[in-house]
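Heads up, the next two complexes both have subunit A, just with different partners, subunit B and then subunit C.
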Partner chain A sequence: MHISEGVLSGPVLLGSGAATIIGTAIGLRKVNHERLMTVALLASAFFVASLIHIPLGPGSVHLLLTGLTGLILGWSAFPAILVALLLQALFFQYGGLLVLGTNTFNMAAPAVACGLILRPWLKRTKSSRTTATFLAGFCSIFFSALLTALSLRLSDTGLSQAAKILVLSHLPIMLIEGGITLFIVEFLLRVQPDILDFNSPANTNDLS
Partner chain B sequence: MIDEPFAIGESPLHRRDPRVKIITAITLTVLVALTDSFVVAAGAGVLALLLVLVAGLPILPVLRHLLAVNVFTLFLWLTLPLTYGGETTHLHGLALSVSGIRLAALITLKSNTIALALTALLSTSTIASLGHGLEGIGIPPRLCFILLTTYRYLFVIHQEYQRLHRAAVMRGFVARTNLHTYKTLSHLFAMTLVKSWNRAQRVHQAMLLRGFTGKLFLLRQPLLIPADYLFLASCLAACGGLATLGLC
Partner chain C sequence: MKHKNLPRRLAGRQVFPTCLLTLLLVGGCLLPSPSLAHKLRVFAWITGDTVTVESSFSGGRTLVKGTVVVQDASTGASLVQGTTDEQGNFSFSLREAVKGPGISLRIVVGGGEGHQNEWILKPEEYQVTAASSVPEAIKTPQSDQTAAPAKDSIAPPVTGAVATPPSTITREELVSILDERLEAKLAPLRRSLAQAAEHRPQFTDILGGIGYIIGIAGILAWMKSKK
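Let's look at the complex of A and B:
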């Protein structure tokens, strides 16, 4: 899912970079002082998720959980995902500095959209909750793959076949992410439901 | 798995101020990422190799770092020559696109150049000093705070996940492609989230007790020394030279 540095064209890098700056600015404005620490620790947790390998047939895939990030953090998923990707770039050389804007936009924009659209459904019936959480995991990866493919395609039309292969190869990951997001949300609702109320103003149980 | 193998050292690059290295890294990345010319990319490649040599990094770990970059370029090598179209050349009965091969080669050169430069420039600082360096060049303090705290607790939370995972393995858990595995791993990660959530509350409260107001202070505010300016000037001059080379 990470695009390496040196692949994309200038306009694509600039456009998505600008979008990432805007998204991150909104995300940072939405976190108040009491919530900064929580955003940071959840960002570490989502970094750890990317180290978890899920067996799939003879191989394995690693988790992304951007849909869950969006469901919990809303707009703050933008800075969280940006930081996690920057750390990945520094630790593992995935992507570079300039393409970080594109990679962040491709991952965070679907996450935020899924989070904002699907979160109200968590409060309704059990079946609507199940559908919404599965869709959050599934759609975030689907649209991330689509945006990644689109950035390749817009950079150079010769890359469009590679882009198609990229989207198709992510199909099993979308299904797995949907299922895993569903299991995690069900678990959180039983164990610590206030995590899913991250953005509600009533939920700032701090001392200040 | 998560470590900074190159961060500690005594080379001239290790001693440069992180702010200077970040600015150089960004300039070089922008130059290489936007160029279409093999000459500019190759020139920047030489510069990047030079930086790696100056930093005195061990060869094998650097090559292992490059491997990660080349997973994506390998994907391009497997698809582009077959799908790019245009003029083709025939090899063992396969029609390979010439411009596809050219593009794949250019991208490989550019990606590896940038990865080498970033390894030499950024991996020779600790992430903690990079975080403060980013704040020093005008990145919003809140973002730098999230970066530094995320980095600080990464290892703690990774260990917490590993502890849960070990406990599951000791109870006979074997990961396979089945629903039970997916459910178990989900629950292990969800428990990690719960622990991170509660830890965040405790750390925040502890920091409030110590007078935290949202700003981290550096005990030693580093000053830029002449060697830093010299390094920055020569790197920017080299980048400028390469850029004019690309324009003419």
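Let's look at the complex of A and C:
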């Protein structure tokens, strides 16, 4: 879902770029000393996940882990994803520097939204936690695909057909991502419950 | 590992996610898979007068029905437009595209999901082959000058009366055929060169990226601690 350089129109680039700056500013303010390494850890996870392609069917897929990032980091998903995408653009020419704002917004905004909305559900019963974590993975990809399609549509690139396919074609990834997010969160709750600690003041602050 | 009742809790909890995961992976295999590659590869080569543009995703899948726009690299004026076929190829005639002398061609290929990449075709790349296939009318004033000295130096026997039977092909035709054959032979080589030049993520790159992220976090931590 990396949009290449030179595809989008100016207003789309500027609008999403401004949104990314705001999101990153909020995200950076939420980061405190204890959370800093968690943010770095998830930025690394995002950076690596989208580089490792797993052959599946006729093509290949890779994880994005945006749902997980949003659940754990809340607003701080913005700086984490921004840094990871910046490095991907610089190292591998995935996306580009001008579209960095758009790509970051398309990935991070659904992550933050899913994280903030679904996080209270993690504290309730086990089944609600299972549903919430699965939905976090599933919905973050769904809305990321939708935002990417919308960016293309708004720029009127003549790719509106491709935009429609974009959302549909990501369906397997949404399912896989939901399952993986569920798996990772369950694992983290067992080995490192602190990372999802809901009682600490830092995290309740995140939810506000 | 701290909890004593962990094994029992584990058994109950782990079954569901694992089952779900397996189900999803198997289900995912059956569904049509998207082209989730990051980058579109574009490659163009010349055979005689025809320029063939080949495009594929970095995962190896071809780009079907991608848009191709051939531009004058200096002015940005659109010269040729079209879409790629089932094999991800698109060809156009060089003679129709290039009217002026020695312009660089920028071949921009766009695919679904906002992928786009380009290939620059420099005049020195195509002029050799183009010159040999340009219509005779345009060519005659130049070819006399360029071909004549070469004829003497490379093939002296030709000047002798014995070596030129009436049925032999002209020098221009020979050059054209040679160019065509040579280009056909070189095209795969050039394609693999272009592929080799493409930078794929290596293990070291991935480690480097993680290092950068940890480093940035370190700088942030240091800045925050100074406050």
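One rule holds for everything that comes next: the second predicted complex is superposed on the first by the 188 of 208 C-alpha atoms of A that agree within 3 Å, B and C clash if a C-alpha of one lies under 4 Å from a C-alpha of the other, contacts with A are read in each partner's own complex, and residues count from 1 in each chain.
Everything that follows uses one rule, which is that a residue touches a chain if its C-beta (ideal position, glycine included) is under 8 Å from a C-beta of that chain, and two chains touch if they have at least 3 such contacts.
Since the structure is predicted, the reported quantities are computational estimates derived from the model, not experimental observations.
Overlap between subunit B and subunit C is detected when the two structures are superposed via subunit A.
By the touch criterion stated above, A:H62 is placed in contact with subunit C alone, subunit B being left untouched. Of the two partner chains placed by superposition, only subunit C is touched by A:S151; subunit B is not.
Touch criterion met: A:T130 reaches subunit C, while subunit B stays clear of it. Using the contact criterion defined above for the overlaid structures, shared-chain residue A:I3 touches subunit B and also reaches subunit C. In the superposed pair of complexes, A:V31 makes contact with subunit B and with subunit C alike. Applying the stated contact rule after C-alpha superposition, one finds that A:I173 touches subunit C and leaves subunit B untouched. Contacts of A:V48 after superposition: both subunit B and subunit C are touched. In summary, superposing the two complexes on chain A brings one listed stretch of subunit B into steric overlap with subunit C, and the stretch in question is 149-157; the others among 113-121, 149-157 or 167-175 show no clashing C-alpha atoms. The intersection of subunit A residues touching subunit B with those touching subunit C, taken from the two complexes, comprises 2-8, 31, 33, 36-37, 39-40, 43-44, 47-48, 51, 56-57, 83-84, 87, 91-94, 158-159, 161-162, 165, 176, 179-180, 183.
By the touch criterion given at the top, residues 6, 10, 13-14, 16-18, 20-21, 23-25, 27-40, 59, 61, 67, 110-117, 199-201, 205-206, 208-210, 212-214, 216-217, 220-221, 224-225 of subunit C touch subunit A in their complex.
Remark: subunit B residues 1-4, 25-26, 29-30, 32-34, 41, 65-66, 68-69, 72-73, 75-76, 79-80, 82-86, 97, 99-100, 103, 106-107, 109-111, 113-115, 118-119, 122-123, 127, 130, 140, 142-143, 145-147, 149-151, 153-154, 156-158, 161, 175-177, 181-183, 185-187, 189-194, 196-201, 203-205, 207-208, 213-214 touch subunit A in the complex. Looking at the complex, you find that subunit A touches subunit C at residues 1-8, 31-33, 36-37, 39-40, 43-44, 47-48, 50-51, 53, 56-62, 83-84, 87-88, 91-95, 126, 130, 134, 148, 151-152, 157-159, 161-162, 165-166, 169-173, 175-176, 178-180, 182-183, 186, 190.
Touching subunit B in their complex are the following residues of subunit A: 2-8, 10, 13, 24-25, 28, 31, 33-34, 36-45, 47-49, 51-52, 54-57, 63, 65, 79-80, 82-84, 86-87, 89-94, 96-99, 156, 158-159, 161-162, 165, 176, 179-180, 183-184, 187-188, 191-192, 195, 205-208.
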